[in-house]
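Structure record follows, encoded as structure tokens.
Going by the order they are written in, the chains are A, B, C and D; count residues from 1 in each one.
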Amino acid sequence: MEPIEVGILGATGNVGQQFIHLLSNNPWFRITALAASERNVGKRYSEACAWRLSADMPAAVRDLIVQPCEPGLNCQIVFSALPAGPAQEIELRLASAGYGVFSNASAHRMDADVPLLIPELNGAHLGLLAHQRESRGWDAGFIVTNPNCSSMGLTVALKPLYDAFGLRRVIVTTMQAISGAGYPGVPSLDILDNVVPLIRGEEEKMATEPLKILGAFEPTSGTLVPASFAVSASCNRVAVRDGHMESVSLELERKTSVEDLIRAFAEFRNRPFSLGCPSAVEHATVYRAEADRPQPILDRGAGRGMAVTIGRLRPCEVLDYKMTVLSHNTIRGAAGCSVLNAELMVAEGLL
Amino acid sequence: MEPIEVGILGATGNVGQQFIHLLSNNPWFRITALAASERNVGKRYSEACAWRLSADMPAAVRDLIVQPCEPGLNCQIVFSALPAGPAQEIELRLASAGYGVFSNASAHRMDADVPLLIPELNGAHLGLLAHQRESRGWDAGFIVTNPNCSSMGLTVALKPLYDAFGLRRVIVTTMQAISGAGYPGVPSLDILDNVVPLIRGEEEKMATEPLKILGAFEPTSGTLVPASFAVSASCNRVAVRDGHMESVSLELERKTSVEDLIRAFAEFRNRPFSLGCPSAVEHATVYRAEADRPQPILDRGAGRGMAVTIGRLRPCEVLDYKMTVLSHNTIRGAAGCSVLNAELMVAEGLL
Amino acid sequence: MEPIEVGILGATGNVGQQFIHLLSNNPWFRITALAASERNVGKRYSEACAWRLSADMPAAVRDLIVQPCEPGLNCQIVFSALPAGPAQEIELRLASAGYGVFSNASAHRMDADVPLLIPELNGAHLGLLAHQRESRGWDAGFIVTNPNCSSMGLTVALKPLYDAFGLRRVIVTTMQAISGAGYPGVPSLDILDNVVPLIRGEEEKMATEPLKILGAFEPTSGTLVPASFAVSASCNRVAVRDGHMESVSLELERKTSVEDLIRAFAEFRNRPFSLGCPSAVEHATVYRAEADRPQPILDRGAGRGMAVTIGRLRPCEVLDYKMTVLSHNTIRGAAGCSVLNAELMVAEGLL
Amino acid sequence: MEPIEVGILGATGNVGQQFIHLLSNNPWFRITALAASERNVGKRYSEACAWRLSADMPAAVRDLIVQPCEPGLNCQIVFSALPAGPAQEIELRLASAGYGVFSNASAHRMDADVPLLIPELNGAHLGLLAHQRESRGWDAGFIVTNPNCSSMGLTVALKPLYDAFGLRRVIVTTMQAISGAGYPGVPSLDILDNVVPLIRGEEEKMATEPLKILGAFEPTSGTLVPASFAVSASCNRVAVRDGHMESVSLELERKTSVEDLIRAFAEFRNRPFSLGCPSAVEHATVYRAEADRPQPILDRGAGRGMAVTIGRLRPCEVLDYKMTVLSHNTIRGAAGCSVLNAELMVAEGLL
């Protein structure tokens, strides 16, 4: 198979760099277009971008000329690392012009006809695309989104439990990494020797995105019925580079045991891995039995950053159970999920 | 009034140093005895102690000779900064020998006849001392304890709400400072760029201590009826020097409004301040209206470290309300509370 | 004495807030004017400023209306916390209009007729002001500057040695705090678990400012003869909130002993303290004999942040001696020095 | 070639774990013996060891039974991760019993007949082994050491300059990572928001080890003539997990240009790489031209942690040139060098 030609919107920012890093060794895709904001258009990428990853900038992108974020990009699909504001219009324009858009931005996540996709969880939601194209009058283009980085870890961890036992209520407190705010992002004076108890918009996303992701796609109507449990989130920023930690308490619909819950994580299988998607890992949920795990330093790299690590599953004095969840926010929680979304569509013959 | 002569048990450790620092300018007490473990007995304090506070070692203690933790100390009361293990026996021996023991250790906190005292909250629990002396056959000696540092902030913040609206259920996630583990305490490799989701014994203490503290002293029987709400805690260590942050969700007995809850914090009055205790602050609960407060760097010093700061009070999608609570763990949460316990007994004429 | 009315230029930034904090309890000055950039002019200070100090915003400034940085401010002197760019013109305009300008900016530091003042070191340089006024045609106005925060600690520490033994060569490596870059300043992704080996312009300042400060004022010519030793600096940013550490190696003109050097620090006396300046401390240079001092956490607050702490004085295998120097970069190294500059002029009857 | 069977002394500690991690994929060696202190002897390694690397414990060592650090280990060579104290005797005993000992401990580094080996720099020093065996009466056994982690980066960076231009004097200030102190090592209260200006014994090692390493082996006498330049070091601990930064000023014997020095780094070739040693990298010295490099976060992983990164080469106002040097202290500076030492001996037919 010839690699599919792909472009990156917002290629010079932090998530854009992650996209480039992840895609540069991906056998199914080849980067042929990089797009960014006006002031960088026309420059060679190596001049336009202040590269901040420890892995060196891939040679293949150094000399690509940065293009505007508009139709005319020489590629079939684009990965969007744009901020929510510009993403709103630009993604519509590109989808309308025939591009497949895989977006990490929040702009269209909650649109009724846009899949909010975690490929190991709700691949069936790709069924929304028929409805999306029809209602919007698009030919080949489409928009597929991936969730917010803090919703991501939570929802992956909830999925095996939701399927097996049902969920009623979830209370989650996050301790989120600074890389989640991009670059320059969090000023060091705000976080060194400190915790910031506010991440704007994050708690609202965590209250709604998991319900859409765990919702049921109705093939007949072509629409989605969201899940109906309640999520209450308290979001905090802590002095960690990568890896969002979450302390979670939950109430189930059907009572069970700690052992059964742990088994649900162990037995959880995912279709992208079965289909051979290059970014998929066999175990999307990893349970650590040690009393003091997960920890960002030790576990954020699990499954090359694509696995969600769960630990400390134990009874909760108020709801049913509590546990700790960790996911790598810039890989699993952003670029990595978006790339896997595209791989799933390739594997399913949809691209 | 002549200052009361006091001693410190475990004077060379972190909490011991905090006791010395706080007591050195206290007009009601004068440090006349320092006690520590065998290997330091007989040394001058300035030789025995690796002083680690930024304020210099008070001149008045430099030349005190370190004594064993036994009866024979030339003082009337002792503040105990001992670890839980040794505290068990030593504190009993000293109380039995006639010393008033104000203990920061967990050893006797949950003993039925020992006050677990936060002087702004439950001064009435000092009524237990009559029962304590009688049942144990002690003359002048007694044991008064203060709670665990993470229970402290939570319970102070809950008190005004408990009194006004009643409490049913509380879910709390802590982000605790490294100083809570003493010195050498948390290895830097465990916490730099990391979060540790386990602090042994802490969640159990948070599930039980608040109920005792907010319990009712029954003067007729001389016993305590604990409060009956449920507390579920998830305790995490973060890279902060001082100041425990807590994300709290709670369910009330009587429904109310955000405004009423905030007013309860503002209107909360405390008896130690009215009585003129030197360590008391007028506002033991401080509500910050800014969206991103409290923060350890900005708020841990509120009220000279004795105030508990609350912020972000808002509806909870699962229980009734959620909020963020911060308290200084080594002042409010340890030595400062213990000193105020002693001040309250002085002010009440019990010492 | 009536307090002198003072204004602050750049009042909403980090150094501006430090000026307000330090001046709010200063018995010799009263803040009557706050000035900032256009977008804040006309607002109440409490609305214009995102206050970031742990001490609350002083009540006396909350309702002051922010003014433009222009003549017309109702005060006699101004403290300038402006960035170097705008400072260039604005400070000239204000001095020309009759204001005494005490500037923390680098714009005019190296002007031949502008004192680069550390009041404990080179008060005689105020003699330049006569020349300054004459050559620039100013009546009452003038400009007095204080040095860069990393030059500050070094030069204070060198002064007693320079006076007693002469200096030939100095090699210094700095480990500088993040607060030196202002707010938002250093992105957290750049400094958490990291060291940045570049602070633009800093090494050049350290190579030149100490020579001017330790230079000799010639009363007859009214000019300054700079000192003639060589300084080579390597400047690094580290994950510390406040307090610049410096590892210093030096070669003396006259050979001596470790004991003599330490004695020079101990015996160093300063005129601002003798004159009763409120911000002066008796010991501007504090030598710590412990093997592992100074440390930012323990020593940056020495002398209310105005003392420079020196430690580890020992022979150098290449030059003569080496030592470690620490100073609080936002107090001693910025606003605190500027305020003391003004106090010295008051005490000397020059204001 | 059959892999050589190797053992690890001090296998449960931090450096021991690094050895296991690095050796587990090494094609030339197979771990067959793990040895540790008495209290762990007899346990399965997975029980004896609190594994703290993010990479999981290799399956191949999980069930090995921990042995005492004595002759009787079923292997041909041992890598010693012992502390200096116990290393003194144990390493002698094992070498005497016929084992090849590759030691990361400081105990025997400065023994006249023991190579202090950096395989890219001074492979010729292996000639000392003949003398070592003869004088000590050993048959097959021997001791080869690698330098202290802070000497390592400095000496690798100095080597190309020393060879091409000669060295007279070096002044170096280190900013060293916490992993250099092992586990539990540096207490977090000592380093968060802090710098510690003392690492015991480190400055002495940096003053002597580079001279031995860069010394000349005289084949006729079989002895070593150390290099004769002077090194003055100031060692600091900073809040970085891995990667020692060093600000270096140096005086050359023969004057040259910045360009020539940079070229010397670029042109530096190393024999272990030419010989195909698996742990060797083509470029042991990497020069980064960016103004703000090297940085621990970005560059410590260069060459899989085996390359030393240099940057900011520029004239020094006091000596000739100054530069910044970074090396990964637990890979390049400890276990990685030791493994490469063994590989070089294999490649040279000495094992």
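Methods note: a contact is a pair of C-beta atoms (placed from the backbone, for glycine too) under 8 Å apart; a residue touches a chain by one contact, two chains touch by 3 or more.
All values derive from a computational prediction rather than experimental measurement.
Comparing chain pairs B-C and B-D, the larger number of C-beta contacts belongs to B-D. By residue number, the contact pairs of A-D overlap by more than half with those of exactly one pair in A-B, B-C or C-D, and this pair is B-C.
Taking each chain's centre as the average of its CA atoms, chain C and chain D sit 43 Å apart.
Spacing of chain B relative to chain D, judged by their CA centroids, is 48 angstrom. Note on chain placement: the centre of chain B and the centre of chain C lie 41 Å apart, centres being C-alpha means. Across the assembly, chain B contributes residues 52, 192-193, 239-241, 297 that each touch 2 or more other chains.
Taken in their complex, chain B has these residues touching chain D: 52, 178-179, 183-193, 239-241. Against chain B, the residues of chain A that register as touching in their complex are 169-171, 173, 175, 193-198, 207, 230-232, 234, 236, 238-241, 245, 247, 249, 291-297, 311-312, 316-319, 322, 324.
Across the interface of their complex, chain C is touched by residues 52-54, 192-193, 241, 297-301 of chain B.
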